[in-house]
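Dropping the structure in here first, questions after.
Labels A, B, C, D, E and F are assigned to the chains in the order they are written; within every chain, residues are numbered from 1.
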Amino acid sequence: MIRLILRHAAIAPLALLAACLSAPAWADGPTLDRGDTAWMLTSTALVLLMTIPGLALFYGGMVRKMNVLATIMQSFAVTCLVTVLWMVIGYSIAFTEGNAFFGGLSRFFLAGMGTTAVNTLAPTIPESVYMCFQMTFAIITPALIAGSFADRMKFSALVWFMSLWLVLVYSPVAHMVWGPGGWLGSSGVLDYAGGTVVHINAGVAGLVCALVLGKRHGYPKVPFPPHNLVLTVIGASLLWVGWFGFNAGSAVAADVRAGMAMASTQIATAAAALAWMFAEWLVKGKPSLLGIASGAVAGLVAVTPASGFVLPSGALVIGIAAGVLCFFASTSLKNALGYDDSLDAFGVHAIGGIIGALLTGVFATMAVTGATDPVGWIDGHAGQVITQIKGIAVTIVYDAIVSLVILWVIDKTLGLRVSEDIEREGLDLGLHGEVVP
Amino acid sequence: MIRLILRHAAIAPLALLAACLSAPAWADGPTLDRGDTAWMLTSTALVLLMTIPGLALFYGGMVRKMNVLATIMQSFAVTCLVTVLWMVIGYSIAFTEGNAFFGGLSRFFLAGMGTTAVNTLAPTIPESVYMCFQMTFAIITPALIAGSFADRMKFSALVWFMSLWLVLVYSPVAHMVWGPGGWLGSSGVLDYAGGTVVHINAGVAGLVCALVLGKRHGYPKVPFPPHNLVLTVIGASLLWVGWFGFNAGSAVAADVRAGMAMASTQIATAAAALAWMFAEWLVKGKPSLLGIASGAVAGLVAVTPASGFVLPSGALVIGIAAGVLCFFASTSLKNALGYDDSLDAFGVHAIGGIIGALLTGVFATMAVTGATDPVGWIDGHAGQVITQIKGIAVTIVYDAIVSLVILWVIDKTLGLRVSEDIEREGLDLGLHGEVVP
Amino acid sequence: MIRLILRHAAIAPLALLAACLSAPAWADGPTLDRGDTAWMLTSTALVLLMTIPGLALFYGGMVRKMNVLATIMQSFAVTCLVTVLWMVIGYSIAFTEGNAFFGGLSRFFLAGMGTTAVNTLAPTIPESVYMCFQMTFAIITPALIAGSFADRMKFSALVWFMSLWLVLVYSPVAHMVWGPGGWLGSSGVLDYAGGTVVHINAGVAGLVCALVLGKRHGYPKVPFPPHNLVLTVIGASLLWVGWFGFNAGSAVAADVRAGMAMASTQIATAAAALAWMFAEWLVKGKPSLLGIASGAVAGLVAVTPASGFVLPSGALVIGIAAGVLCFFASTSLKNALGYDDSLDAFGVHAIGGIIGALLTGVFATMAVTGATDPVGWIDGHAGQVITQIKGIAVTIVYDAIVSLVILWVIDKTLGLRVSEDIEREGLDLGLHGEVVP
Amino acid sequence: MKLVMAIIKPFKLDEVREALTALGVQGLTVTEARGFGRQKGHTEIYRGAEYAVNFVPKIKLEIAVSNDLVERVVDTILKTAATGRIGDGKIFVFDMMQAVRIRTGDRNEEAL
Amino acid sequence: MKLVMAIIKPFKLDEVREALTALGVQGLTVTEARGFGRQKGHTEIYRGAEYAVNFVPKIKLEIAVSNDLVERVVDTILKTAATGRIGDGKIFVFDMMQAVRIRTGDRNEEAL
Amino acid sequence: MKLVMAIIKPFKLDEVREALTALGVQGLTVTEARGFGRQKGHTEIYRGAEYAVNFVPKIKLEIAVSNDLVERVVDTILKTAATGRIGDGKIFVFDMMQAVRIRTGDRNEEAL
């Protein structure tokens, strides 16, 4: 979503002023706009579609058949858990006034979120819609982590880990970057739709999980081929389509900025998909469907922080960089370092997120934001790249430490991994008593 | 969709007034709002998505492989049949002026539904959009029934049953609850998006079908395990996402009420999914994917009548109640009574719908509707619960009797059930000449 | 999308005038409408959904299992290729000022498409949104062609063919019909959402491909049964849902015209699906799922050029005609003539498109367009049918010749077909090194 | 020892297995198969193209038994798998030279 | 009686079945199998990880025949299933002690 | 010649195949099977209905070998396929009368 700070500094006051002047006299109150509301209701549906069934299928197709239901269950259960936790406390921590690190408790159990409530971060839509929209971001982020420890985590451990992570990592980081008075946002870090908050955050937590849980039995000697790439491509496609809600929805309005974000998203995604595909074709001899789909996701990830800040040409460069670099991260780098990030939560989301966050510092421009001062390096403001590095570094360090602590506690109490028998016979049967015959 | 009566009594006059005052001078006519229209076009697409492919997959994944195409065919064919019948006569019966039970024939073959037509139930959008939106409700309702008689009904019998049921049951019930001058709506029954009209209606008809058609051969001795829960979860996920169009779309506007309906929907659904999952974990020892997905659908069903009337906290309670009670209805109750409601059309939709309709009477509140008089029990108006019971009872009785008559006539003429051979070899091949190898 | 010429001649000036008068003072500039923008952002997402995963699955389910990934890869790769080419040059050729056949280069690499850009063809939304919306049309059209040569084209040949075809055929034809000053549009050819530009264009190119590449080994003696009609129906359903963005989105506004287009689309689709189903039931003895789904697609195709021009009753007739005639084209006609149009790109898209384009000339009416002069034959203007024939003929001839040349060049250089071994062992493994086990 | 191979209709599997267990058979192995014989296949139609499927789904059972059990096993299958309609299947009996239980290395009758 | 087991390339199935029918064979049973032998498998690549698949899809035919037909059945398979390329498969012949038709209880030659 | 049929746990397939190759076995054929025996199946639960699955996934190997290799083949399988837990499977040995290589028409030992 939009960094309000910057928006304020530039186009927003005008918009607000205009909104006040035009003052359509709806019963909703003077500032709500039904076009914006229509788009944000739609965006919320689109972003939910990304997790269920999008991500569930993207991941589900990549595991072996005996684990497909358990993998899908992870996304589905996270969706439900986060919804309730977000209502209870997450939204309040992330998006209400508090200090530079945490919000307050004014929206505990959504208290006071009645028909007249509006969050100043989204002045033209009902707060209920903004809360739901943000909820879908809070849902997909922990769900992404699960790609790193596929095939081996206990379901009970997952329930605890995801719940704690949402409250202790996601919500505070969202507050720091996007929340009112958040530390990183105030420092000028640019993150349009979640390069740091969502992707680096999820990818780094994923790496920590992969390292703490250890490799799957037999990895890397035994191969773990995807059991059904049709599911994976359905998932990748729904991620792509839903991402319009993610990025263009982060304008929190049906305006020009949303349009630019949509165009950037589409272009970077296609460019990254082709870049990965051609890189693989060159290096491995064949262009693969898993490759082009993975490239598309890498592009979506990388353009996320940049989408409402860059021109289409900038998006093209970001896409190509993400496609090529994530290809190497998910193949050569992973093999060289030897960790078992099973479905490349780190290789795609953390690496793609870092590329995107850095290049946002390069390509963000007044031509899109409407700011009067230079924004990114391309405008002559090289310092923005440094600011971006700060945002990346803080997210990585905070996330890694807290994730490690949570995992450690669960490991010492419940235990993190399933038994070797369940790992061999399949999580579907072992954890959930179901199979796909 | 919204009960206009109540709306009139409360927030609507204001809105209408405001709409007139602000009078945007579009060529569309003075009262149309493009934000509302955008959201209702989108909602229509979302609700269609619920039936095809949503419900088709939700049901298709639960049957045995040899019946998957026939099951999907049911949803698809119902979509086509109802579309044409709705255009011919259904919409006119349900949503035009008539008496307390049936509408008139003024929109027979959609006569007069040109570019200037507006239905007073949806004053800010073109009537063509309202007709399409309502059509998607008319589509999913009969399609839901098919879950109860999976694996055994003749396709020709289904075509006749669904057509007659739409005209003789769905359209009149929709008129009674939502239509202009409809009996139940005027009596104060609250049904925001279709707890009675859609879910109780479909679920009860389903039970009647299950009883009249009888059990599948071998039931319950022979097990009928779902052949592919991946399909079922894709279906459940699309139902969930599409349900935003169903519930938030029932505001017929992109306004605060739509936002509150969306929030309630999301919260109740997640709560019900978790409630079913934990109940199953406790009782059966393992949390299952089919369980959490069934719980989500139960929650969606239960929050349907309540969505635009209750606060998030009310939605949370509704969700938990629906998850736990539908779990018992679809497992213990069904087994105890011994009917073969194959995919739990009754256990989830009728039971969930009843829970929702009752709790709407409890949790509906002025805080959401903007009414000046107390709405539900929580506002101090306990009588609303009685009114709700009346709505439930009338729907059940009317529906059960007419469904029974329709089934009886078809049974005596065409016959309802496929031959035992087709039942054993699979409906896909026997009825449609196709298989999934 | 709407033919602006006609729109200008009728309702548009009023709308523009009104828009100017009401002049909402958004910061976006005086003419942008957030309701329209919301709907067009949504429509863009819906139309993308049609290709990935919609068309990918529709086609993927119909081929044999060993080719499913390669078939899906075609849709996915075309999506990526066209996105980049559209950004580079396609949009500029199609939708900027130039001559009667080609646009100019003013939007080369989307130069100048900043935050204030508006295309006069879509005056109430940001140009970035219009460009993205049109991009999704440019994506699906070449992707449709691939149905005709399933199971046998080299991937490298496909990359070249699709890229050249987009630039040399699609973009100019789009300009001629829809572009500013385009020849066919100026001559009065009516094509609301792409009967000629998309469907006849894709279908005819498909036939040329099928003829040039030749039959699959063994065709028609060896049967090629679809490996998974579940995928095909998911695809057909997503095509249907997404088509609301295609047709109602072609109003480029959330207005009455969009509503009428949505209603026509829904009705024609259902009618065509039933018509195909009943025709098959009569002729072959069983109604099939592939049949009803194919009929739905035929109806969607046929109503495409007509959607914003006809009344619901006209749509009903168009649907029935398309269902019956495409059924015969894809079965009897294809068998009689002996070409191997594997997935009926010609039989459904070209034939359906031609039926739709002709009947648009018959049923287009002032009652929907708001024009003051008669529009179609039904209004008394029989000459419109002649004009429609001209549009069809020009598209067919231009498309066939240029497609033939492109294929000839690729055949002489790269070669078009895979080796017989790869054809037998499967394209998934042979071209992409992947399989669905 | 003998190996009894039976080709039966899929929906008879559970019944046959239960009857054999009652008889004292301790184990068996099952494979999905397709059969061609007197029983006709079916016709599928896809976009008007008719496609004759000559093979019918069958289940193949393989049961290693000691010599004295063979006849009773054959009779039991004969009784439980028969429906009297074409396509009920066949029973074939083969001589078996050796049997080994992998877990223990037990040989022959011990291994069954 | 003998049981002829043939392992062939999948795309040869229909041709072989037709040839055998022409010869008078009344029935046979087919199973999907995977073969390992001189014919190489293939390599799949997923996110850069190469994965050697050593097994090749094959079809296993089992045909119970009377003694006098055996040689002609073997020859027919040999002729129709051969492509001359590595991996064409094998034919194995076994002695069969008993055959029973489940539907009728017919024994031996009668049962085939 | 003999045909060795082994029923093993699926995850042991690669290990067994490698050991047999090391021994000089040139080919074998594999089929997916389901086994019933001392090893218990499992219970699945769908909407509260418990569903006992009595069959356990197994892999069936068929290896045609010359007489002198038989014992070593059996021993090798015995060693590599064993885990010591119930359900490790069985090895059955049959006499084989003829073997033919389809590609060349080679007979018997030549054909293996």
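The rule is simple: a residue touches a chain if its C-beta (ideal position, glycine included) is under 8 Å from a C-beta of that chain, and two chains touch if they have at least 3 such contacts.
The structure presented is a predicted model; accordingly, all values stated were derived computationally and were not measured.
Using the stated contact rule, I'd like to know whether B-D or C-D comes out ahead in C-beta pair count.
Result of the comparison of B-D and C-D: C-D.
Where the centres are mean C-alpha positions, what is the separation of subunit E from subunit F, in Å?
Computed value for the inter-centroid distance: 18 Å.
Let me have the rounded angstrom distance from the C-alpha centre of subunit A over to the C-alpha centre of subunit C, please.
Roughly 33 Å, centre to centre.
In subunit C, which residues are in touch with two or more of the other chains?
24, 33-36, 38-39, 42, 225, 234, 254, 284, 286, 288, 290, 433-434 - these are the residues of subunit C that touch more than one other chain.
Can you list the residues of subunit E that touch 2 or more other chains?
31-32, 44-46, 94-95
Between which chains does touch occur?
All touching pairs, sorted by chain label, are A-B, A-C, A-E, A-F, B-C, B-D, B-F, C-D, C-E, D-E, D-F, E-F.
In their complex, what parts of subunit A are in touch with subunit C?
Per the stated touch rule, the residues are 11, 14-15, 18-19, 21-22, 24, 33-36, 38-39, 42, 46, 225, 227-230, 233-234, 236-238, 240-241, 244-245, 248, 253-260, 262-263, 266-267, 269-271, 273-274, 277, 284-290, 292-293, 296, 311-313, 316, 367-368, 370.
In their complex, what parts of subunit A are in touch with subunit E?
220, 223, 225-226, 280, 284, 286, 288, 290-291, 294, 327, 330-332, 335, 344
State the interface residues of subunit B toward subunit D in the complex, per the touch definition above.
Of all residues in subunit B, those touching subunit D are 222, 424, 429, 433-435.
Applying the document's contact rule, which stretches of subunit F touch subunit A when the two form their complex?
Residues 11, 42-46 of subunit F touch subunit A in their complex.
Can you tell me which positions in subunit F touch subunit E when the two form their complex?
3, 17, 26-32, 64, 94-103, 105, 111-112
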